[in-house]
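Going by the order they are written in, the chains are A, B, C and D; count residues from 1 in each one.
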Amino acid sequence: MIIVTTETATADDIDRIRERVEAAGLRTHISRGETHTVIGCIGEEDRLADVPLRSLPGVARVLPVMKPFKLASLSFAAGPTRIPLGGTEIGGEEIVVMAGPCSVEGADMLRSTARAVADEGARALRGGAFKPRTSPYSFRGLGEEGLELLARTRSESGLPVVTEVMDTRQVELVAGHADVLQVGARNMQNFALLSEVGRVRRPVLLKRGMSATLKDLLLAAEYVMNQGNPHVILCERGIRTFEDATRNTFDVSAIPVLKAETHLPVMADPSHAGGRADLVGPLSRAALAAGADGLMVEVHPDPPTALSDGDQSLTFQQFRTLMADLAPFARAAGRRMPVGPPATAEVRSPAG
Amino acid sequence: MIIVTTETATADDIDRIRERVEAAGLRTHISRGETHTVIGCIGEEDRLADVPLRSLPGVARVLPVMKPFKLASLSFAAGPTRIPLGGTEIGGEEIVVMAGPCSVEGADMLRSTARAVADEGARALRGGAFKPRTSPYSFRGLGEEGLELLARTRSESGLPVVTEVMDTRQVELVAGHADVLQVGARNMQNFALLSEVGRVRRPVLLKRGMSATLKDLLLAAEYVMNQGNPHVILCERGIRTFEDATRNTFDVSAIPVLKAETHLPVMADPSHAGGRADLVGPLSRAALAAGADGLMVEVHPDPPTALSDGDQSLTFQQFRTLMADLAPFARAAGRRMPVGPPATAEVRSPAG
Amino acid sequence: MIIVTTETATADDIDRIRERVEAAGLRTHISRGETHTVIGCIGEEDRLADVPLRSLPGVARVLPVMKPFKLASLSFAAGPTRIPLGGTEIGGEEIVVMAGPCSVEGADMLRSTARAVADEGARALRGGAFKPRTSPYSFRGLGEEGLELLARTRSESGLPVVTEVMDTRQVELVAGHADVLQVGARNMQNFALLSEVGRVRRPVLLKRGMSATLKDLLLAAEYVMNQGNPHVILCERGIRTFEDATRNTFDVSAIPVLKAETHLPVMADPSHAGGRADLVGPLSRAALAAGADGLMVEVHPDPPTALSDGDQSLTFQQFRTLMADLAPFARAAGRRMPVGPPATAEVRSPAG
Amino acid sequence: MIIVTTETATADDIDRIRERVEAAGLRTHISRGETHTVIGCIGEEDRLADVPLRSLPGVARVLPVMKPFKLASLSFAAGPTRIPLGGTEIGGEEIVVMAGPCSVEGADMLRSTARAVADEGARALRGGAFKPRTSPYSFRGLGEEGLELLARTRSESGLPVVTEVMDTRQVELVAGHADVLQVGARNMQNFALLSEVGRVRRPVLLKRGMSATLKDLLLAAEYVMNQGNPHVILCERGIRTFEDATRNTFDVSAIPVLKAETHLPVMADPSHAGGRADLVGPLSRAALAAGADGLMVEVHPDPPTALSDGDQSLTFQQFRTLMADLAPFARAAGRRMPVGPPATAEVRSPAG
């Protein structure tokens, strides 16, 4: 932490600032400039995190020096984290595509979607049982029945299951049915939920909040990791800006910036980012080109009848085209797209 | 709902769009322009809310006509909602100021703060027992002990208590100790929590999310009201923008815009909006001038030692000055500031 | 300037950074922390403004300490700047309201508007002769004819004239007809124009750009002042955010933040900020409550027939109500609203 | 245009709205819903662009149906516009990379940079002679001398020259030296400048403003085209958001969205978007993957000594690596990167 004083700070002010910093267990180092004095604070900076230094007389600015996250930081791990999922790894050489409907609407549509996406190389099935909807009058998912359909479809298709959990009371239930727990953008700073998913032994797919900085996202991951769960997958899904041609603004820079800060794998959700089926292709290509480890794509047997997010869902045929189109981009990025369905019996039961 | 076709939409496309709308139980009305056809949909528009019309061939744009919220809308109620609190009402002639520390740090600081703010006309005591903090390494509140301190301070000071609830599992606990349940900005779209606070008989103070539109905020209120709780207080606390001179950008327009859309009372939180003690005065004045029904202000016996948000907390003396300064602005707005402590024994026990 | 090194910076890296800073004429002061070294740079910081320190090996962060603006900064002047206009001063005790049509549409509408607003206490006439329009197919003003109408109306009404200049080639022409030159939001970083209006002897009303930080705004003012023109009036008119209920988001905090940074007067434009006639009242009241020195308000004899911005223009009757409503807020803020037309013959000819 | 009435609109209100629309030369079509009446306006919608319909009694919402731009719209042209430059075309199969220093700092650095980038496949030399700088105290370019150095370097290197013009008075001068006129982000809505560059016979590289929607960008292009210049190249360079890890937020979706709206070529500027040399690679790859026609990249012989934007400039070696890395991404996108220097004598003199 570096503290810069005002031009009018007195020697007494500076003494008091020093005392306050030293009381928190850090050492200080004073450097007097022509107009300002700079007080360097040496030691564990997070001891100062809650000290309201700005409210002390004579303080003009407080500049943190250290990153506020630790477990998630690049220097914490020996190399990139690889998270096993079914027979593949997120963060490995293979690009992991998680595909499926926005909401689980029934057994048949889920089964046919799982088969279709598995055939094209998807390595996980996504599908919402509990849906966060802006309006209470929208379809909010099948709930527990949806979870059971997902679990059943996993054993048939060989695809591990990713689904959202929205309530601390349901973490155990969802973890009993799913392979990866998703924390949605609207809950990225639901700290009670973050702590709770930090206590289960399932990877957590953490979506960036609509107005979360990348620092906020990494701190949210830190909440999960801090409870003992090291398997956090970060996911860029677009942020809220003034531009209204797209549902959100896909912040493609987030991918390389995160890669420079953390050892955790980074995925992208081109469906929610653009909100339009015609943008899923270009945004998926851009995400791979920027270094993403995987994609989360909405696919539906018949998008015009989908109960949620139909506007951004791909048909089976569109998904097939997407996967074929992506192959040369994955190769250009030094990665590869999986081909065909996953090897059988690779799926570990979440109960196991 | 109005559907505008593309220039190249065929008669078949238009037929299919019509069928889809009529299948949802609405009537259609076709109007052919020179380049586009416009399909008006007559009937209950929310039946179309989840129909992905944009994914149908020939659809260029879908324009909703109706407001998506009902219970919260101005036309739903005969007049402005007034929510009783202690001996006053939120949304009445009196400006209700809720003041207190960011976090409950102990019995003494809470008691002295309660007394100080009550003496100056505050009509509720705010204070966090469970604190949402961006970093897991920050002070996260005293938890249940904090709730007990709040409840005890209420009986001593005569001030009803407002405190945040962050977890569905704690709603009952918090409702047993507090008079008003606060849902924080980060949980504004935690729909599980919104539903849960909709089931208790305590007013809910709902803070606007950092990237929530006013429509999103009203839909969040609708979630609470839809569960049977009509007592929602909306609170503008700043949104996230590119400007970094302030912690958030206080959207003062939100106050008159909300007043034109809803019968619910609207408060402002100048402490979190600006993030600086020196801005609390100007932003409070602006909020009253724009029509706010109340203010939520952070006050601490000694801000430089506060465990959270000390930079934006007022001292007792600064709070006194604030309340005096606000009086003529309240009068100019046709309202009045309460003077002196609340009449005794007005506080209804939350258990009652 | 403070330079923080990376954890892996070598002694050589640090030497090279030091040399680079010292080559720019500053002294350095090294402070070694546990993981990072901090290099304080002592001397004239703007000599380092263009040195790409971040590109040097071993540099993690560069933290400026000084404000980048000088002439505009609070400490540069002995007190608040007051800019004479007609018989009043901007930045004095009186709230200066500049009112008139968005565009000058003709002689009669201009004359009747001038008379109407003067009668209610406006102290300047606004009106666009050259209009910046998002679409080339919109009405773009009467040009030079508009300027002449403005000048003629000044001599009849006693109201000094404020009008926009958009082109460096027209600065002299506009300055020959108007009393205050307005630089619009879209040209706030048109540096050629800023320099040019810095060379004339007319006050400049500088509107904040839609995505300009307050620091950017003050640097734009610095461009004008740097050319010798000390009379810059800053104007908050809303910024662009995700919220679409209003045309722009009126950043009311800008007013007190600017007052804490600069001696220049600060006005507000509630018409463009909200984009809706019904918001002009609440936003005007909020602006005065937050400390604004004046307001810029669009008024039109018949808004539904206005050639531009009719949706946000007030009728004469609405303007009368506004001015009456504002009086108690001005008083509460320690200011006063002018009453009735300006004393005659106070207007200095711009040619003089 | 579609007009939706309020629930309380009277028959008289509706008659008046109709009259107003018909007076502008359009026909109306009335459709009565259960709560609202919808008035379709048939005919040339831009005749209504300036009619303040929202200010008429009974009007709740006004919904435009047509796109506000014409010359720039996809349907206006038979196919994608290809703009000849040197021996290549922007918008053709070849990816056109424009590279060079942020500012022209002298003859030697310009010559060596031109040679280095030409050797790696750049097809134009970028370099600023007039620099828009946020602070008046920053280096603002060599001006006319810089233009002359650019022109001289063109004849030596065979690379056509792209440089910014900031002032209407300098358009002719710059057009006399450069092959492509750049309009910078801060001048994207400098309508006087847009009109002026619309009158010269040089392609215009139009950078998106920091808070410009894509619609605003296309309307700015329309300003240029409307004056007779059909050769506009659009350039995404990042928008301003709350995220501060990057200089701007690179809106990669802009590329496919623009491609779906306009026939004009679309480039990307990864240097300004990210503001960091380490992000130029990932953002360039993402831009090509999303369909960009070209890139604008800052290259400097020695970034740590650059007079502007050194933090985001590549060294010659980094540029070589970039171009090699991009080749497989260009191929994956169905395009190709040029190899080696341009064929000689291809450069048309701008005077010609």
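The working rule: contacts are C-beta pairs under 8 Å (C-beta built on N, C-alpha and C of every residue); 3 or more make two chains touch, one makes a residue touch a chain.
Because the structure is a prediction, the values reported are computed rather than measured.
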{"item": "Pair sharing more residue contacts (C-beta pairs) when A-B is set against A-C", "value": "A-B"}
{"item": "Chain whose average C-alpha position is farthest from subunit B's own", "value": "D"}
{"item": "Subunit A and subunit D, separation of their C-alpha mean positions in angstrom", "value": "32"}
{"item": "Euclidean distance of C-alpha centroids - subunit A vs subunit B, Å", "value": "27"}
{"item": "Centre distance in Å when subunit A and subunit C are each reduced to the mean of their C-alpha atoms", "value": "40"}
{"item": "Contacts with 2+ other chains: residues of subunit A", "value": "211, 239-242, 244"}
{"item": "Residues of subunit B defined as touching subunit D within the complex", "value": "2, 4, 7, 29, 31, 33-36, 38, 40, 42-43, 61, 63, 65-66, 75, 240-242, 244"}
{"item": "Subunit B-touching residues of subunit A, taken from the complex the two chains share", "value": "20, 46, 49-56, 68-69, 132-140, 166-170, 186-187, 189-193, 195, 209-211, 216, 219, 222-223, 226, 239-240, 276-277, 303-311, 313"}
{"item": "Subunit A - residues contacting subunit D, complex", "value": "211, 213-215, 239, 241-246, 249-257, 260, 273-274, 278-279, 281-283, 285-291, 328-329, 331-333"}
